[in-house]
Amino acid sequence: MTAAVHREESFIGKWIFSRDHKVIGLQYMFTSLVFLLIGFSLILLIRWQLAYPGRPIPFIGDLLPDSLAPGGIMMPDFYNSLGAMHGTIMIFLGIVPLGVGAFGNYFLPLQIGAKDMAFPTLNMSSYWVYFVGGVLMLSSFVLPGGAARAGWTSYVPLSVISSGQTTWLLAMTFLITSSLLGAINFIVTTLNLRAPGLTWSRLPLFVWAQFVTGLILLFAFPVLQAGAVLQLLDRVAQTSFYMPQGLIISGELSQRGGGGNALLWQHLFWFLAHPEVYVLLLPPMGIVAEILANGTRKPIFGYKEVAGSFCFIAVLSFMVWAHHMFVSGLKTSLSYLFMTTTMTISIPSIAILTCYLLSLRNASIRYTVPMLFTLAFLPMFGIGGLTGLPLGFTPTDVYLHDTYYVIGHFHYVVVTGTLIALFGGIYYWFPKMFGRSMNMFWGKVHFWGTIVLMNLIFFPMFIQGLAGVQRRLYDPTVQLHNLTVQPTNVLMSYASWGLLLFQVPFIVNFFWSIFKGARSEENPWQATTLEWACPSPPLPHVNFEKVPTVHRGPYEYSVPGREADFWPQNEEN
Amino acid sequence: MNPAQSNYGWGLPVAASTYADKIDRSLLILHAAMAAIFVLWAVYMAYCLVRYRKENSPKAVYSHKSTLASYTPDVLIFIFEVWLIFIVGVPIWAHIREELPAPEDATVIRVVAEQFAWLAHYPGPDGKFGRMAPSLVDYAIPLGLDPQDPDAGDDVASVNEIRVPLGRPVLVTLTARDVIHSFFVPEFRTKQDAVPGMENSIWFEPVMAGRFEIGCAQLCGLGHYRMRGDIFVLPEDEYAAWMAGEQAGRRP
Amino acid sequence: MNDTRVLDTSTGIPNGKLGMWVFLASEVMLFGGFISSYVILRTGSPYFSIPPREMLGVPLATLNTFVLITSSVTMVLALDAVQKGSVKGLVRYLSATLFLAFCFLGIKAYEYHHKWLEGITLTSGLFGSFYYTLTALHALHVIGGIVFISYLLAMALKGRYDSREHARVEYAGLYWHFVDLVWVVLFPIFYLL
Amino acid sequence: MSAERSNTKVYLGVFAALAFLTALTVWASYLDLGKGRNIALALAIAFFKVSLIAAFFMHLKSEKRAVHALFYGAALLALLLFLLVLPDLGLP
């Protein structure tokens, strides 16, 4: 393959409309980190309202317009908007673009020894469609209708009659299109552009995770696209796909034709949303596998079991969605089926966790910062996974559904699971991306502060859930059964504000190290996968000086009879 | 009588319906199993973190062999789950969802959820619900009861308050008028979405008299948090007296 | 003879073709979602009134299906022609495909107008809503196909394609056959059942 | 190159089959075979036409495993969505 003639690109061509997967990866990273911060700050306002219902928010209160928070006291509508946008921004604009867009775009081609993604222009347009979707989603706060307020799940008929949803739906269409373009790229790149010798059983688990995630996105997102189009028409064109007969809205009989079914949206939405939560989970599990093998200096225990479990999760994730609907009028016969499939899908997650934990045996563990995050991922994701059992089991789900137990469950999986692994990934691959390493002392400060405070926020949610505190309550003290556990809200609120403080060292450390971090050589962690076989940052447009050929599995650490305890994939002998 | 704070503690609220203790037992079994699994893994992991740290074991042991024994956690949990679902779960779920009591020996009530209130509708002594027309709905008659309908004569309607006699199961037919709400009574461990355009029926049988709180568990708009109501479980005679009072109030 | 750019992909399938197939897989799920919603509401909702057959204009729709099938054939003949190296054949068949695509849209526009006057509108009932939503989405895909094929025609006229270099013609063919395939499913479920 | 000549014949043959099947399904829809059988027949004909187009026009017959996996995977998942939602909302 003739090396691409390196023409001097203008600043625009090089950084803004670049087709280089590394630049697009960085664009995704910076944008998704900003969105994560925005989404996180929304919930800090909610935490004040939950801790001290009805009292004016101290500093920010009077900055907010009177339509949203007169006299600094947050109105219920604004509270619902904050909650809905927190969920939407964190999932669709924050974590998935960080896990799939940033890490996937940057490191998938590197780890398979490719020059770039299969379709560079498609890759660039996927970022810009995501960017437009993100801006549109955020702009809904200032648009006349205000932000969406029917939860990130946007259940009908509430989402059809309340304002702010049209912008949400349009922005979602952009985000879905962006994810689909990205998924096409990931699948074709993994299938077609693997370096010579890189067979499926030598593929790093991170690549397995991204490939399987691409397939899940490809098959799941279009169904939500269909659902969103139907809901958009219900809102804008007065059709009634989801609007049943004879609705009486604020006193008057609605003039719609009626005949639709409100549960149809829930089926279409959760058909995407459950595979989506595995899209949130799989890339970080891939990152954990990479860092764990590197930190324990030994091959991941049961490579085939883990890769097999990824595929098994992907297939099963399309058959479990209605466990979100056990109490929503789903027919009882179907709830038996979905309870069984939900319990079956817990097996591959347990299998993966078992393999990761068994990798610690006979290891030689290095407590580097990425390794700290990875080791913390294991128990935290364990709690998240285990608390999923009572929610997938119908008799207990009857009580726990739509309470704070559910919120504790998915935050343990997504925040102390996925986000912690993604932080570990940032510390681990920062030297490769910028040629400098992040400050490890501040990394440890960030780690310990984040882990402790996250547990202080999310563990009391289980206590609230068992006490029956419903989710999305503007003022929990109105319900008498919430009064006893109300003090936990105060603790959780202070912990969440503390968590914001502990992100400051990370943010400063991240941007400071890009320019001033200590220089690091090509393979600082002495890892074996291909992305360490090219200069850091990798050569623009071609990554590797010469196309690497792969001779062995991805995690050949501590091979007996060799003095170096790591054996890179591309080394001949 | 306001609900003594005793109904709600730091753990589960008081189990005030027949199947509440079944659900509590399932919760206990599950959480005990989860705690056991977590503790076992935590102990194992802590041991590994200390025993196999770099200083203590400078050279890792290279192996790709995944022994059969490594599958024991998965197999054990799978067996536990199979037992849990088919032996424990399915019977309880069938009991809660499918064994609805016969209408004649249960207190039958229609509950219509609307944006931010629970409208209860009792059939009255004749046991028959009056016709409800959406077109008749207005402030005076929130339920839209048709006055001319003979059955509606003795119907009783109430807002955010439901009275039921102790000792008989309660059969509730749930529907909603505008958006999806969710009828949730923590003490009875019962929860069911009220979906517009659909009639979901649930049942519970209180085992103690008292005042229990209804909450809405599905986001239904800006008033979702204040959409609360009360279920008063009255002894048989008190309930009869109340119903008689309602009827007496009816005849001019 | 396959396109010469199938060099060193690990699966031996050229990137473009695999990309198109992956895209078509997502399209199957998109139309799958729509058609499932339509059929489910049609069997499930008691208020789903199906208009009488005379209002649906079955003969015209049959002609429309025939037009789209013919365009699918001319598309595959275009690919066949360029594989045999005859650029003239390619141009001829591509223009035929374009013409037939415009015919399809023309007939579809007339059908919309006719149905709207007959009383089947977007908000006249669930059948109308689903009919216009799905067929409009399909028509959008036809328009997308038209843009793709006109680009091919322009390139073919400039002599860009020959028996060795014609990958894009194949990919446009795949896309166009998929659009025809979707209509083959939409036709019976809207008009005949 | 003789294999090439017969291609056009194959395509025209498939074209004739598709045209015939379209006419057949329209004609069959006017027969009153009972609701269930009408639906089954129409869907069977549509499925047959779809497989004709996919196999011959899209050359699915001569494609590699990866493409087959994608196409059948998508079709199966779309069917899964339909078959799992139908009993809940579709049937009384």
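Letters A, B, C and D name the chains as they come in the text, with residue numbers starting at 1 for each one.
The definition used in the following text is that a contact is a pair of C-beta atoms (placed from the backbone, for glycine too) under 8 Å apart; a residue touches a chain by one contact, two chains touch by 3 or more.
From a predicted model like this one, the values you see are computed outputs, not experimental measurements.
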Just list the two chains that share the greatest number of C-beta contact pairs.
A-B
Would you mind pulling out the distance in Å between where the CA atoms of chain A average out and where those of chain C do?
35
Between chain C and chain D, what distance separates the C-alpha centroids? Give it in angstrom.
14
Averaging C-alpha coordinates per chain, one finds the centres of chain A and chain B separated by a number of Å equal to 32
Between chain C and chain B, distance of the C-alpha-averaged centres to the nearest whole Å:
50
Two or more other chains touching the same residue: where does that happen in chain D?
66, 73-74, 77, 81, 85, 89
Where chain C touches two or more other chains, by residue:
11, 13, 18, 22, 25-26, 29, 32-33, 40-41, 44
In contact, pair by pair, are chains A-B, A-C, A-D, C-D
Inside the complex, what are the residues of chain A that reach chain D?
191, 215, 219, 223, 261, 263-264, 267, 271, 318-319, 322, 330-331, 333-334, 337
List the residues on chain C that touch chain D in their complex, please.
11-13, 17-18, 21-22, 24-26, 28-29, 31-33, 35-36, 39-41, 43-44, 58, 62, 65-66, 69-70, 72-73, 75-77, 80, 83-84, 173-174, 177-178, 180-181, 184-185, 187-189, 191-193
So in the complex, the part of chain C that touches chain A is made up of which residues?
8-11, 13, 15, 18-19, 22-23, 25-27, 29-30, 32-34, 37, 40-41, 44-48, 122-126, 129-130, 133, 137
If we count contacts the way the header does, which residues on chain B are in touch with chain A in the complex?
3, 5, 7-13, 22-23, 26-27, 30-31, 33-34, 37-38, 41-42, 44-45, 48-49, 52-54, 57-64, 66, 70-71, 73-74, 77-78, 81, 84-85, 88-90, 92-94, 96-98, 114-115, 134-135, 137-139, 177-180, 182, 184, 186-187, 189-193, 195-198, 200, 213, 215-226, 228
Within their complex, state which residues of chain A touch chain C.
1, 118-119, 122, 180, 183-184, 187-188, 191-194, 198, 218-227, 229-230, 233, 237-241, 245, 256-261, 264, 268, 271
